[in-house]
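The following blocks contain the structures, represented as structure tokens.
After this come two complexes, each holding chain A, first together with chain B and then together with chain C.
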Partner chain A sequence: MTSISQRSSGGRTVRLVALVAVALLMSYPLLWLVASSFKPEQLIFSEPGLIPSSFTWANYADGWTRVGIPFGAFMLNSAVICILSIVGNLFSCSLAAYAFARLQFPFSKIAFGLMLVTLMLPFHVTVLPQYIVFQNLGMVNTILPLVLPKFFAVDAFFIFLLVQFIRGVPRDLDQAAEMDGCNKYQIFFYIIFPICRPALVLVAIFTFLWTWNDFFSQLIYLSQVERYTAPLALNLFIDATSGESAWGMLFAMSVVTLLPLFILFVIFQKQIAEGIATTGLKG
Partner chain B sequence: MRRDGGGAMAVSRGGRAWPLRSRGVGRSASSVGDWRAALVFLTPWLLGMVLLTALPMIGSAVLSFTNYDLLSVPRWVGTANYQRLLTRDARYLHSLEVTTVYVLVSVPLSVTVALIIAVSLSATTRLANFFRGVFYLPSLLGGSVAIGVLWRQLFGSDGLVNAVLGVFGAEGTSWIGDPRYALSTLILLHVWQFGAPMVIFLAGVRQIPKEVVEATIMDGANPVQRFFRITLPLLSPLILFNLVMQTITAFQAFVPAYVISDGTGGPVDSTLFYTLYLYLEGFRNFRMGYAMAMAWILLFIIGAFTALAFWASRFWVHYES
Partner chain C sequence: MSAIGLKDVRKSYGSVEVISSIDLDIEQGEFVVFVGPSGCGKSTLLRMIAGLEGIDGGTLSIDGVVANDIAPARRGIAMVFQSYALYPHMSVYENLAFSLRIAHVDKAEIDRRVRNAAAMLQLEPYLSRRPRALSGGQRQRVAIGRAIVREAKVFLFDEPLSNLDAALRVATRIEIAKLKERLPDTTMIYVTHDQVEAMTLADRIVVLNGGNVEQVGRPVELYESPANLFVAGFIGSPAMNFLPCRLEHQGERTLVQIDGAEQTAIAFGSGGRSGAEAGTLGVRPESLHIAEAGAALITGMVELVEHLGEVTILYVAAGLGQPVLAKLSKTQDFAKGDRVSLSAASTDLYAFDASGDALPRLG
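Right, the complex of A and B next:
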């Protein structure tokens, strides 16, 4: 017995060392990105280490105003799109999920199947014709094409997530409320919606993460610099600084755009991990 | 679209219980009026389904048989777009090749790494959540333009990778500027994001009953045997799930290639991902009909891959009976 436990404790140490090594290797680029954003330009290449030999805020100060409009404006544009998207998804997906999980109606199985099929659709099949529609409605170069679809439950993943959650809620609750004279709408607003809080938090978190990182649709719909989102501004930044060595500023603004994601990750780490594990949401 | 049905069903693991349960409750007096309420609750979704999914899909299917530049009236060209794509457009076929190589290399690689890390994490109980966080963070950030910027620097001629190589006296090149290596840097970026499938594996590993593991230890199985005889078969449904999901996302990868190549797919089209070429044709050259034909071919490719994965799964995926 002793030999087995000795061997396994030795194996445990080796495994731990290996995990630490992989963790360091993986997070080094991120740590170095943050460290380098505080280094003067000429030190970024010459210092592969993390601790800057001289520290400066200049990259942030210069980068903030480098494209003419303060970077905060782009962050605000992104934030507005994110918040409206969250509101839209919470509203439309929870309504649909309640109907799928609790109500009996004709063709319910077919409708549910259709909803699941849209999960697998590559978004390019719909985004091009949608663009033509929004262009004809004069909505290109506004945030409407980015936000409006969220109010029509196009993110089927969230409906699915909420359906799964509502199925886990005991039906006794609905029935008790029905006894007390609640109709379906009241059951939804007073019983189901509040009880779904954990799942709704997950919907909000992932809507934020995906919308903040979304690039393709923002790229095709927003063309006026004033309306640019943070990722678009960062991309513009690459063009504006091409030819010169401006990694410091680029890094500083990269850190700024990653910061909201990082903060959200730190606060909701547990929920995010559990959400992926139970629903298979793509990171 | 019918081909994707298998994929959708796998996602709805609880799906089968649903009609049974709702029938089991029986029809109370109010359930007759359910459909009215259902219609109200489903209105936003129905509108979205019709106006933002179904009609646009029909529209794009029709327009894929036309030439359309967003300004003049679409001109019917029959199957010319598809013919040109599949036989004469060398740049398209090249982008298909680049994307396929990217998918076939990066997806199995990242799923393998995710599996190995998840299994080794499951044994370390105390620090598991800390490591899970560290390994997952890149998945969360990886799709952003900011990480594209970082990758440009890391693998540029005056980048961190070359600086580290310099410490060892080796001389690097501009990895993203060299057509031989540019795609590899993108594959590396994908593998760097193994955290998302890892989290799914980790949840699966934790569900393996302790008695099963203990029984095999009593039988004298070493860790390697345990991995291949117990862990791997029990995780095989999740391996399939991760492979399919990763494949679908990888086929649609866009941001890293766009940022690294300044939106060109260069150098020498070595990072011309499928969706990047689609974007360039649709929104730079205003060949909307052509781009829509590309989108439909992508749909069929993804559908075919998914169907193939599910067909092949019967030979290696182990389902508990």
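Right, the complex of A and C next:
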């Protein structure tokens, strides 16, 4: 007995050490970024170690106001876009998914197939036509091109995810609700939507992640500095400072930008894992 | 005026007819059980009454009003699903109150009705729990409670006990019987493939097979005078034994002759037919007893003996392909390989003509 438990605890130690080593290796660039944000500018590239020989808050203090507008304003811009995108995706994608999973309408199979095809369409193919459309609508240099589409269920991946989830919900529940007097919309709002919670958490988290980390489409549509998002503002540290990049401040503000993501993962760690693992409902 | 009337009701999926022309009247306050083998259309018929399935032909009337196109919720019908279909994200209280909330019943009235139903079903301690924190029997009671809260005129039960274990099934069956007593004016329609549930609960049983009604009657009626081979074979456990026989119609009477039987020919009413035809003689295992010398109906070798305590069941090979089953009192002792002669009182025999319909008894 003892030898078995000893061997297995020995095996556990080896596994733990290996996992920690790989985790450290993977997170090294991130750790370096954090460490460098606390180093004086001249030490960043001359001193490769993670532990700074001299420690300073200056990068944070200077970086916050460097662009002329407090960095918090850019964070707020990003947050507004994120929140609107999340709200849009949650409602539009789940409604579309409910229609595909539960309702019978003409050409529903073809429509579902078309939607899946858009999953395979590279983003870059649609950028130009989309830009022209929004330009004609007079929406360029507002957040509308970034936010409005989310209210029309354009994220096929989320719709697909939710369709699969709703298909796993027993139809008896719909029928019980029908017997209880619900119409199709009430079945959706009172029954299907709340039951989809684990999948919806996933949709919200990934929408946040992809929107917060988005750079390209924000760069295209936003041209006024006051409307810049956090990633666009970070870009200012590299090229807007007369040939001389402010690396320390860039790193400091990058860390600030990463904080919400970090907090999100800490809070929702369980739901993220659950959401990925949940395929249906039992009991 | 009947609570529910079906007239020439039909349903098909594509070219497959699942319900073919059913006529049935159910009185208010009646407990009717639809029973039949899997795929006989009993659940489909129930769902057509509920409004969850469309009706392709004929009329469904509820309280004398044609209800074919009335929405499920407006039919005054509540349904208990086989899977219970409890809303997993709502507490027991919310599950019970949901239909009333949708109907905009005022809060005090909802509360009164929910607490009333909870008291009736002993669910009071669980009102704040989610369905997943309940046992199977408790979930079942919540499902029934949802029907009670709606104060529906008609309750539909779709195999409500099939997900429970054997002991709980008996207990819940008794609960349902008590519930019926407390709600004497509520019409209940109950679907099952379990004939014990059907026999114990029903005022009337509707035996369905292949989308047709085979027979409608009180439980004892179906047992004592089955209308045809199917009902005879379906009601009763173990099932009735069938022996090939020859029917000779002689005026008012029909004589039944069995090959190799010593028992004298048995007479049934002929129903005015003449001539002769091949038929089937039916005898229930519990009607068979050891024959006196020279009066055997069936003779054969014991293949298998099942001792069930109070009774012993013999499987007798009598050269029919199927063994003949006999349910005997335990005082008689048999072993595999014994040769036995069995007979039954002529009043315990059933005769069926070539098309499977029962012949009437004489006198």
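Keep in mind that, in the parts below, the second predicted complex is superposed on the first by the 241 of 283 C-alpha atoms of A that agree within 3 Å, B and C clash if a C-alpha of one lies under 4 Å from a C-alpha of the other, contacts with A are read in each partner's own complex, and residues count from 1 in each chain.
Simple rule for what comes next: a contact is a pair of C-beta atoms (placed from the backbone, for glycine too) under 8 Å apart; a residue touches a chain by one contact, two chains touch by 3 or more.
Because the structure is predicted, anything quoted here is derived from the model rather than measured.
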| item | value |
| --- | --- |
| First (chain B), second (chain C), both or neither touched by A:Q186 | second |
| First (chain B), second (chain C), both or neither touched by A:W57 | neither |
| Chain B versus chain C as contact partner of A:P194, first or second or both or neither | second |
| Which superposed partner A:P170 touches (first chain B, second chain C, both, neither) | second |
| Partner touching more residues of chain A, whether chain B or chain C | B |
| Touched partner set for A:E178, first chain B, second chain C, both or neither | both |
| Partner chain in contact with A:A153 - chain B first, chain C second, else both or neither | first |
| Common interface residues of chain A - those touching chain B in one complex and chain C in the other | 178, 283 |
| In the complex with chain C, residue positions of chain A that touch it | 170, 172-173, 175-182, 186, 190-191, 194-195, 197, 281, 283 |
| For the chain B and chain A complex, residues of the former touching the latter | 1, 4-5, 7-9, 11-12, 14-15, 17-19, 21-22, 25, 27-28, 30-31, 34-35, 37-45, 47-49, 51-53, 55-57, 59-60, 63, 70, 117, 120-121, 123-124, 127, 129, 131-147, 149-150, 152-154, 158-160, 163-164, 167, 192-193, 195-196, 199-200, 202-203, 223, 241, 245, 248-249, 251-252, 254-255, 258-259, 262, 275, 278-279, 282-283, 288, 291-292, 294-296, 298-299, 302-303, 306 |
| Parts of chain A lying in touch with chain B, wherever the complex brings them together | 11-12, 15-16, 18-19, 22-23, 26-27, 29-30, 32-33, 44-48, 91-92, 95-96, 98-99, 101-106, 108-109, 111-126, 128-130, 132-133, 135, 149, 151-154, 159-160, 164, 167, 171, 178, 183-185, 188, 209, 212-213, 215-216, 219-220, 231, 234-235, 238-239, 242, 245, 247, 250-251, 253-255, 257-258, 261-262, 265, 269-270, 272-273, 276-278, 280, 282-283 |
| Contacting residues of chain C [partner chain A, same complex] | 50-52, 72-73, 77-79, 81-83, 85-89, 98-99, 102-103, 131-132, 146, 150 |
